[in-house]
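Just below sit the structures, each encoded as structure tokens.
You will see subunit A twice below: alongside subunit B first, and alongside subunit C after that.
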Partner chain A sequence: MTPKESPLPLRARLRIRTLLLLLLCGWLFLLHAGILLEHGLDGPRATVGDALLEGAAGAGSANAVTTVVVSYRGFDTLGEVTVLFLAATGVGLLFAHRRGLTPPRDHPDTTPASEMIVTGVRLLFPVLLLFGVYVVVHGHLSPGGGFQGGVIIATAFVLRLLVERDFRLHHATVRLLESLSGSGFVLFGLLGLVIASTGTFLGNFLPHPTAALGDLVSAGVIPLIYVLVGIKVGAEVGAIFEDMLEGRTGEGT
Partner chain B sequence: MLEFLDTPRAVHGIYALGSLALFFIGLYGLLSRRHLLKVFVSLAIMELAVYLLFIGLATTPGETAPILADGLSTFDGMSDPVPQALTLTAIVIGMAVLALGVSLAIRYHRLTGTDDIASMKELREP
Partner chain C sequence: MIGLLALLLFAWMIAGALLAVRHADLLQTVVGLALVSLGAVGQFFLLQAPDVALTEAAIGVAAATFVLLMGVRQFGRREDRSLR
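And now, the complex of A and B:
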């Protein structure tokens, strides 16, 4: 690589920049790898998780991750759902000014989906919906829960939004579901705070016997909160996607 | 002959090296690409690397998922649930932030017609 003979000096400059960036990233990689390989290999010892696992059976939920997400770190989950809500509102705000004057979604340069895809999506839609509801409802028994199941439910609606031209999410219903599930979450937390037997925010005030471990109706308030989280995540991910889709088709106006 | 790969130190080392490599691939993309959407893709790759590192280092070989199923009745010898719960949180937050960022990028492109971060001059001092 001799810059003098190169016909394009700009290209040579770009290569040097790439080389420098590669060197920088490689140096940082070696630095961090050195630190991690020296100190991080034995894994964490005596963590909070060990203490939580010892008490996890008392929460009555067979899935310890769900217990941590909804019960021990329930406040954190509430904050996370708030962040998701803010992001959905932000996306809605960014694309909102065209709503109302957007024409229907048959933009001239979008070709309609073929019959095979439309039929396939119509067949898939109820199955995806059922699977999402299953994952949400069994969040305290098996891998899964409100976040994962909510995204699966949203996927079902995203598929229909992509394929069917006049399929729309009803904005008022989506907003209502979002606010109802969000306030339901806070309400459960406040009930846990008020009821004397628990006395903590998001405390498990419903009976959660250890004997019922592994049953569908067990773990007290945990599955109820996770179902609310599922509804909220599903509604918000669907709303984010629909806002972006409407923003795209409003481009031509 | 390859039994040493099953020891916790070896497994954690592989996870650490792999996820660090992925992280710095993302960092390189973040620094070298100039297209807005590619910058967001690089950020997403870096996030993924952090999730992998978190889960990989927290799980020791031989531990099972912290779920009572298939006849298990106590939470003995199970992996730490806290990093998994944190990663679940982080994935959802990452998705929300990515959606907001991509929306901002789309709006910016629609307003100015450019998607090159090197030509963003709106906030430069005159």
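And now, the complex of A and C:
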């Protein structure tokens, strides 16, 4: 259909849609500004978040968000990790099937990266790795944790994958790390269920005194679970990127 | 002060989005989307959600950009005008 036949309805529809979009944007902006400006005021609020925050002090974790994510909502976290695992498997299947069939159209990667970039990435690699491990290990003390740190670690490997043409992740090792950490997560959950003192799935069965609040070794089982989550997320995201990148070298090998 | 910072970040994000929409070079478009995510990191930080800010920095700025870069790599840098 040519636009000359019915220009009016199309244009009118587009205008309404633009107007709605503008209204939505304005509403979101007002909402955002309202939330932001309300921050300094201490009004009486009774929400689930406040109740969780009150209980979070007893878990011995300095970062209340981590307490909620790993302890109170640990089952949700297990579900999220499972979703990520399924996504990684799906991407792997999709790209393994298409490997070598769709070479890049204009072969942008036939020229190797310059020496400056290679050296820079090699310098950046250990720093990024260290930062990722820091974020994972300090998940119960400061903002961050397994998900964020895992993705940072994966990013470090991705930079090297992008720059160095003969850099490869060992597939079997990645899969093994992923399976072991996933099994470890479930094992910790079951241990919490079995041990009589907690009796709930993912219960905090290790000692977590509130006196040790803020120490690196505190909060009982929470940092251990978060380290496992970090390994699993790092391995999964790294596997996703590796699968996507390997489409490029299908014609090279 | 916080309101001013939020407005600046909004301007930053809108500029990034405009860059992403207007630019013909898809590599620059991906950079624009990464800038939008970077502005969102600042917004989350202003809203006192540093955990979410860190997640956005890791996923939105790094990982999502990488996935889009893979797309650019597959389909070429030029924007196909016929798809518009």
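The rule is simple: the second predicted complex is superposed on the first by the 190 of 253 C-alpha atoms of A that agree within 3 Å, B and C clash if a C-alpha of one lies under 4 Å from a C-alpha of the other, contacts with A are read in each partner's own complex, and residues count from 1 in each chain.
The rule we apply is simple: a contact is a pair of C-beta atoms (placed from the backbone, for glycine too) under 8 Å apart; a residue touches a chain by one contact, two chains touch by 3 or more.
The structure displayed is predicted, hence computed values, not measured ones.
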Kindly classify A:65 by the partners it touches after superposition: subunit B alone (first), subunit C alone (second), both, or neither? both
Touching partner for A:143 - first (subunit B), second (subunit C), both, neither: both
Per the contact definition in the header, classify A:213: touching subunit B only (first), subunit C only (second), both, or neither. first
Look at A:200 in the shared chain and tell me whether it touches subunit B only, subunit C only, both, or neither; answer first, second, both or neither. neither
Classify the contacts of A:36 with the two partner chains as first (subunit B alone), second (subunit C alone), both, or neither. both
Which chain, subunit B or subunit C, ends up touching more residues of subunit A in the combined arrangement? B
Determine, under the contact definition given at the top, whether A:244 touches first (subunit B), second (subunit C), both, or neither. both
So in the superposed three-chain picture, is A:21 touching just subunit B, just subunit C, both, or none of them (first/second/both/neither)? first
What residues on subunit A does subunit C touch that subunit B touches too? 29, 32-33, 36-37, 63, 65, 143, 145, 147, 237, 244, 247-248
Flag every residue of subunit C that touches subunit A in the complex, lowest number first. 2-3, 6, 10, 43, 46-48, 50-51, 53-55, 57-59, 62-63, 66-67, 70, 73-77
Within the complex, subunit C is touched by subunit A residues 29, 32-33, 35-37, 39, 63, 65-66, 102, 104-106, 108-109, 135, 143-145, 147-148, 151-152, 154-155, 158, 237, 241, 244-245, 247-248
Which residues of subunit B touch subunit A in the complex? 8-9, 12-13, 16-17, 20-21, 23-25, 27-28, 31-32, 57-60, 65-69, 73-75, 78, 80-85, 88-89, 91-93, 95-97, 99-100, 102-104, 106-107, 110
Which of the residues in subunit A end up touching subunit B in this complex? 17-18, 21-22, 24-26, 28-29, 32-33, 36-37, 40-44, 47-50, 52-54, 56-57, 62-65, 67-69, 73, 76-77, 80, 83-84, 86-88, 90-91, 94-95, 141-143, 145, 147, 213-214, 233, 237, 240, 243-244, 247-248, 251
